[in-house]
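Quick one: structure below, then a few questions.
We just call them A, B, C, D, E and F in the order they show up, numbering each chain from 1.
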């Protein structure tokens, strides 16, 4: 029934290739099926102006899609001269998610920016970004700890995100583009290892849904995030 | 326990003053306690370029806070030269919510833009905006129907929105600013008359929450939206 | 003869509602007939860079029209990404007018910004803005004096502004929109209590005018400003 | 008493060098003493969108100061990415002034843009711009008439502008920079050949002025504009 | 003597991986050593406004560096709100180079845009971009020909580019970053298969160079471009 | 054969009028035939942020064309809100060229900005700009030395630039607009007194060229720059 032939609770193949670029303090290419996002974490010694001198750090993210990551080419935001609403919404979500598992005081007065650049899009770019951004962040913080610049680990847990939705009346996990563009409802969950919710966003695209529908989507998200937590653990151990 | 002395499931006073400005096809000033938003609906005969000739209409929204609607003055976005991420996120949410209760084909080839300008902010500006925007939209559509420009009512239901959150470990309804800035979790629900969910967004600000927490927030939202639906009905009848 | 039936030297009803919003240090909603402008004065402790350390303050203003304050909706300047020429011209005029009655040394190293946001427009928005901005400024300065932050009153006089024009060959006072859009000449005068001129701007829209015409407009402006001075005095006393 | 030693009603030397650049349909370099403005009129066959198909033309102006036309270098507006308020105010004034002596119907469906670029500034750049812009416009229209593209002359009169001000309590004509930066009041008059007023703008910089002061400035302006009208007549005859 | 131990006329390893992304009509990842550029060609059916109806097509390019493609993170141009001078200079060069080997009439009324996004930078990003862009263009045009949309091949030759420079007084081929940042002179040559020059740009960074130096750099460029032509041929054949 | 009737190695008349404006520390109007560029050098006591405290200075340039310096009027970059690619490319070239003959340490912690504003364009505006900018820079530095603010001359040599190209199969010197728009190849050389090359840029517009062609253009450039060096020497001596 799903265009891809997957079972409702079946995720696409996840792969996380660490060290994809060499300059970033933490780098990985994460794939959820054909969705591919390059996540690079950069450490800078200065924090945003409003945090200076407070003895804590900051974690933020930027998100962008390459012009031809999608079916048809879209204009670069640098050419338009401004960031679109969707881009800003997504990068705020990635940053907020990462900060929910970082103790900013333990990070010290430095900023880590994770750039999530979508090389190829097939649905779920924001959730792949969050999941990959955590890996890039983990690698960057590992480097700080190895150099002795940080004593205690500021990362408190793993965090992962997945989309789910109601497609042809059935709740399904990890929507690809053909599903995403036809789903009746579309949700993104950001979950913390252990199962707590950092962020839940559900939108009725066609028919509105009810409490039961929301819960079924959440339960699918748990299945998906568990798969991602395992892939993250494998990636940073490698 | 709440700074305002309200019970956990107690909303602030709601008032909706229709006809607040005279040029707009639909206009109201909505207040949730000290939060005051001016909602003006404007009808234009042309739709966005990508819809032209398709025989359907469009409903969209813009959101802005007056510079001194808040405790300290903030710079105008017109002076900065661009819309901030929060503004774009909110106006996309308002537009999406309104469209979920409008049959765009029945609207015909016209666009209705609802401007939500926050005159005074005390928490919950986006949910007051959605709730007031529906009233402005209703009034504008009523005008089109009275003039005979539309035969069948394109509005399929009332829609309302309310914030709730976990404040000092207790789920509470309709956060004002002192609560909003200290809540452990913050959620916004957009509900359709009858109880279905158009949009659910929940964010852990401090500790992450669980399924049970999410459900308790949703149930509070039902209580709040029922109050708003009544106020909307009274306002448009007047 | 005037569309409104007013006598040539008859102003529209003036009302000034102080305390219209609660966060601003000085706030009023001023109406000249159907023209309604919200004026909010904000005090900030820092002055513009070029004034720092000089022991004096600054008074400035910003002006904006809500998108649907007018007959047809206009695009937000924040969406266009820049302030229009008319907006800048008006806000420079408001700021210059206010500063002409403020002793900036007595104000001390602080800046007062008066935001003039037009909620509804029916001609004369810039003159209503100046007249209301003075009230907001007066209230903000009164607050500083009550708190003992300023010893001597930095405001040297009341200031008010009114439009007049030549409409169907007759000089008339306080043009509303139907007159404004058809006047042969259009003038704005900013007068100081006592009758001196802070600013005079007269433009021939159709036929040019002569010295006599300019003087007749100025004399009408005196009548109008006297009415406004009284309304200002009543408002700040209340 | 004047820094330049001029009598109160004495203008600086005026020179108008036509044909200063070769591509423009009308071109002159106008000097008021050390203030030098290059005025180039360009004819385009299309009018602004809101005028199309109405059988009339448009006249507009743009104004800019070269970065080092002034005592200290100022940043280019192209580098800042936007036009400043002063620039927009001035170019609106130039355009409005020119249009007040052009019959736009006789001009036909074409636009004339007069670019006023200040090569060197020493006070009075906006009035020199208006006065020189008229010459460039006159030359451009002469060309259209010679080519037979226009039958009847659309220019109804000469127009000129001059600044005057109250300097050390004395009304003086044609302020140069040292006077301009110290004047108590500063006025710009745009007069039409024969003495009628197209535009009057007077601003109190220090002490406010009265009706008598305004009239004395206007009378000085008449003297100045008569001198300019003569220079314009000589220039276009040459 | 070279930091990399290469001989003066020795290029870095070249690799060209075609089909790197799946949506673009032509796609490759080109590497010159550690410099990696993703080149995606997109075909659109409409040409720029100034070409419409002329029966010919257009080829253009855009260039961008990912924020962390370099040693230290640089701000996104989309965040700055404008394209930098270097970016524009490079993308103009890429487009000009590609057009020099395309018969735009044979291409028909369509535009091909080649996006060159630098994933990792180690010197020579503009020359890798030109060399890879040709491959992406070739693949996109091959697709048009296979579909029968184009009858005759519009590509007239292969084109490649390489940097060379004078490093420690020795002319060297294909500068990597450590060389590039210390070279006395820096040149980029765009050569057409067969040896003709499409573009030559040489800049003295330290000491100026003479005719002999320019010629020696050009001869090195021939060696490098021959290597690239072979790699391009292999890549498109694969 | 050349539209102007010039011999292939014949330059247009060069004139350099120093002191063209009075505020700049160094000023000249340079003409290559009908191409006229106003070059003004401004000295500022502060260097760019990244140079502060390093004990050296900076030399930079800005370039702009007046809207009607060309055959048809072009929109101001200040109106577009951004600098075009061509403008940035040219101003980077001018700045780089000037810096190649300045010892920045000897200049001390100050910045010299040379503004090159094209009053009239007829081909070769960038090369006239470089050649004139050197004169403005020389005059500004002479002033610093006369005031004793600089001990040793930081300018190490004269620098000049000229365009050449292949026009109807013949290499020609100093292209004017009719040649420039029809040349098969177009080159710009920046040469240092004595004959060394600071910058060489050659582009095939139609047919690509070969080594021999490049050398013939370079030799023409030598002839042209020698003429310019003489004109520069005469101008600064005057």
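The rule is short, and it goes like this: a residue touches a chain if its C-beta (ideal position, glycine included) is under 8 Å from a C-beta of that chain, and two chains touch if they have at least 3 such contacts.
No experiment lies behind these values; they were computed from the predicted model shown.
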Chain-contact steps, minimal, separating subunit F from subunit B: 3
Both-way neighbours, i.e. chains that touch subunit E and touch subunit A: none
Remotest chain, subunit E as reference, centres from CA atoms: C
Most remote chain, CA-based centroid, reference being subunit F: B
Centroid spacing, where centroids are CA-atom means, of subunit C and subunit E in whole angstrom: 59
Centroid spacing, where centroids are CA-atom means, of subunit C and subunit F in whole angstrom: 50
For subunit B paired with subunit C, centre-to-centre distance based on mean C-alpha positions, whole Å: 33
Multi-chain contact residues (two or more partners), subunit E: 81-83
Touch-based graph of the chains, sorted into line, ring, star, complete or other: ring
Ring walk, subunit A to subunit B and onward: A, B, C, D, F, E
Footprint of subunit D on subunit F - complex, ascending: 21-24, 27, 34, 36, 38, 40, 42, 44, 62, 64, 66-73, 76-83, 87, 113, 115, 117, 119-121
For the subunit C and subunit D complex, residues of the former touching the latter: 82-86, 88-89, 91-92, 96, 100, 192, 195-204, 207-211, 213-215, 218
